[in-house]
């Protein structure tokens, strides 16, 4: 039977090992056009398995676009991008199946309750009820909140629900866009723990964040996006 | 602010309401006797004309109810202290009005089946009736939107004023509809029904009885609505306690 | 609140709404094609006898009613999407200005819609309109749109205030608009000469439309503020 | 991707969509009242001669088309509102599952809508349907809905991918659905016995609907993934 | 002629002085129901003119609701609330005319460009072109961004536009819900300066925030919302 590592099911670790020979993210001279604007302009970046990379940069620098590229959500105009060994241009399905992504938006259905949202997403990714309950508990979603429509929750409660959905997903590469925004102090700490646990279980995590102090303690590596390029890349801490 | 207005309402077990109820019951019995036994059959329509003693009064009292709703709503909006009781009266009256209008539709359809051989015909007044019915269903939906009681009152009062100006507008425009063009298609014998004295009396009596029933229903419904509001305010206390407990670390 | 301030706000709101419509093309890409296809399909279905000319006015106004539902919903969805409605409430602007601006933008869009539909009807259904009829038609379109817009904006404002409430709009709006629809259809029939109606017969209906428009606009100007002010 | 996984995803998506519809009542409160009032007003406008019975089938399907536009737009607006579509794309689920789930939910909603509309037509327009006609009617409704839903879901998926693209939907969908609409109307005419048509005459049209449904469903299952996958 | 105080037009100061006898915010035992849930449960709070109050509290505690109450955006179920001397229950228009509010949402029209949004809002509140240009410049909105549709901007750029709109408004009471969320480090500093300037010009500022370190340095007073009540109210720093 699968034994858990740091609270995470063993199978995550297994699926990671299949592609462990190559870098998890390998982006070279990538150009991504939004409309006609090059949100990423020849960005180059490599991320190895087990890293917890924090992406920083000014507003509009291209952090979100970088994450979306890694998730296979935006098309590549030039350059190459390989994620977990799969080409993002040609084999998106394979990339997406192993990526967990939380953007600025929460990706929840406002008309459904938090509980219904959680169980829909867990049905879709095939997670069990116990995993769902554990994730909800971990993100501090009480019974009352789980039975409240998401559209009525407070900003932070929505974010917590989205993070619970994210945790239910068995991703090997976690991409999070400002996960701390809107969360209260205990929530922020909880996320940091969640991410560290994921890394400990063999996942790779990329977090875009504007909170420099917090991310400094979290990251194993920090990179900065400036004008669509990754210009400065700090070494492992 | 609104606390005072939602304290437990006065009981309806007063002499007035009880007497109203008695009159309503007795009146109904008399009306039934008049309608079913004492009045004559119609030359053209036979016994089916007896539906009239329910059909016409319900229609007229429904109009009355809607106008009353509007009056109460205007009173609510004009009044300095924004009396929730007026708002509840408006709501109760509209509810009863919708029921009566529904009765008009049902009795009219049944009557139509007997006298025209069909449940429905595209007569202007029938269409008017449907529009009015839907309008006040919409009004009741607005009442159910939620929010505080004052919010509900204000919103629905304005909608009620819009709705009531629709009564003449809808009524006359649809009547004009045919009168400008062909008029022969109107099947219904409007003023053509020859009424003998007793029939006319029964009709007027029916209107009176249904007005009393309306008043009686509105009084009771008003009290129920007041109780519902009061219960809602009590529910707040429990909810407040639960909310305060949230802050206490477990 | 001074009248000039109200006019200023109304102008800002109307031009903003029209610019958004211009950018998003909801009307041109969404409403008109549907309306047009309905007219074409009817033309196919009821080709042979004179029915078409008889149905044409009704179709034009039915399509306008449809358009008004879509457009007014969109007009207020734009306000609620990113809570701009809160910002509007807080801008300290007279609600009359917001209301009149919304109505103006709606009227413009509806008149455009009707112009296209009427032109379609003329072509597809081979309707002939003389000069008198044309004047009648234009007046009808403007007054009809005004009546629809004046009421739609009020109830649109009511339905925007809260999530999930927008489904109330048709329930409130449709029965109330029925008389406008009937009046406008009748006037248009006269303008089109459907069923042998003459243009002169249409003017009483236009008068009715004017009354509707005036009443709704007056009521709306008074009622919009309290209704949207949660 | 295994077939059972596809079915599982389809079921999850369909039940989610239906639950959202149940909560928000867009269909019941928004589409049906409009369709109903259209039918009532038509009845009112075209009362005297036999036109009504002739137009009834066309009206039912026009209203269904309208409903399908609203419903499919809503079905994908729900996905794009909070970027749930991104999450769906990233869930590693087979796009066929998502597509079939969407189609299933659409079919259910459309069939409900048609049932109501047909019932209305029967009552309001005094149409008589015999047993054979009833069977024909039910088959037509189901197959017609299937055809509409299968195509609408593809284009809906395409239109959701980017902001502002949703207005493209009617433009794409309406011409493509015209044949379905005509087939369904003809079959319904036979079922209603409009214009002296007999029920037996309707079955070839039903066959046509079946062919459309099958083609669209097949094409959609293949094409939905690539089309929505940005 | 009106002379500026700390970059803000003098008229702000004047309009404040009209109501200076009373507290700017005076909320007593306020209960606010959202649906049937008491988001504020007998909250009591007084804020004097010139304060810069930071509101803290767990997710769902009621911070947003408190701000919305002060802005006259939610009705009061029980208790009293006076803002700038006006009763929030009976005289909302007067309250709203003097309040600037920035919620979790930005209140922008996604189809219009940032520049069009700014000039619409300035038309509506009657601000001049120069004020608009100054605000845009202050929030770092370049010509390119001003002519980009808001729906296409990055999360932080949207927030900057919303803050520029806010700055254009001549508010005497500023209510901001997590203004820092989504902004980069220079943007955060810029906001802090903006708020301090507003206070210096005589305005009163209430900010809900989860960033404890940052808000500690910003606030003249900090309060905490717990379970719909204001339970702990630190003194002036």
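Which chain is which? They are A, B, C, D and E, in the order written, and residues in each are numbered from 1.
Here is the rule we use: contacts are C-beta pairs under 8 Å (C-beta built on N, C-alpha and C of every residue); 3 or more make two chains touch, one makes a residue touch a chain.
Just so you know, these numbers come straight off a predicted model, no measurement behind them.
A.B. asks: So which chains are sitting against subunit A and subunit C at once?
C.D. replies: Under the touch definition, subunit A and subunit C have D, E as mutual neighbours.
A.B. asks: Taking contacts as defined above, which has more of them, B-D or B-C?
C.D. replies: B-C is joined by more C-beta pairs in contact.
A.B. asks: Interface overlap for subunit C and subunit D, more than half of numbers shared or less than half: same or different?
C.D. replies: Same: when the shared numbers are divided by all numbers used, the fraction is over half.
A.B. asks: Quick check: how many Å separate the C-alpha centres of subunit C and subunit E?
C.D. replies: About 37 Å, centre to centre.
A.B. asks: Just how far, in Å, is the C-alpha centre of subunit E from the one of subunit D?
C.D. replies: The separation of the two C-alpha centroids amounts to 47 Å.
A.B. asks: Need the CA-centroid distance for the pair subunit B / subunit C, whole Å please.
C.D. replies: Centres of subunit B and subunit C (C-alpha means) sit 31 Å apart.
A.B. asks: So which stretches of subunit D touch two or more other chains?
C.D. replies: 23-24, 33, 44, 164
A.B. asks: Could you pull out the residues of subunit E that touch at least 2 other chains?
C.D. replies: In subunit E, 35, 75, 110-111, 152 touch at least two other chains.
A.B. asks: Among all residues of subunit B, which ones touch two or more of the remaining chains?
C.D. replies: Expected reply: 127, 130, 134, 146-147, 151.
A.B. asks: Mind listing the subunit D positions that touch subunit B in their complex?
C.D. replies: Going through subunit D, the ones touching subunit B are 33, 40, 43-44, 47-48, 123-124, 126.
A.B. asks: For the complex, which residues does subunit E have touching subunit C?
C.D. replies: Going by the criterion above, the answer is residues 71-75, 92-93, 96-101, 103, 105-112, 116, 120-121, 123-126, 149, 165, 169.
A.B. asks: Going by the contact rule set out above, which residues of subunit C touch subunit E in the complex?
C.D. replies: That would be residues 8-9, 12-13, 16, 19-20, 23-24, 78, 81-84, 86-93, 229-230 of subunit C.
A.B. asks: Which bits of subunit B are touching subunit E when the two form their complex?
C.D. replies: Interface residues on the subunit B side: 1-3, 146-148, 150-151, 232, 235-236, 239-240, 243-248.
A.B. asks: Any idea which subunit A residues touch subunit E in the complex?
C.D. replies: Listed in rising order, the residues of subunit A that touch subunit E are 34-35, 57-60, 64, 104, 140, 145, 152-157, 159-160, 177-178, 181-188, 210-213.
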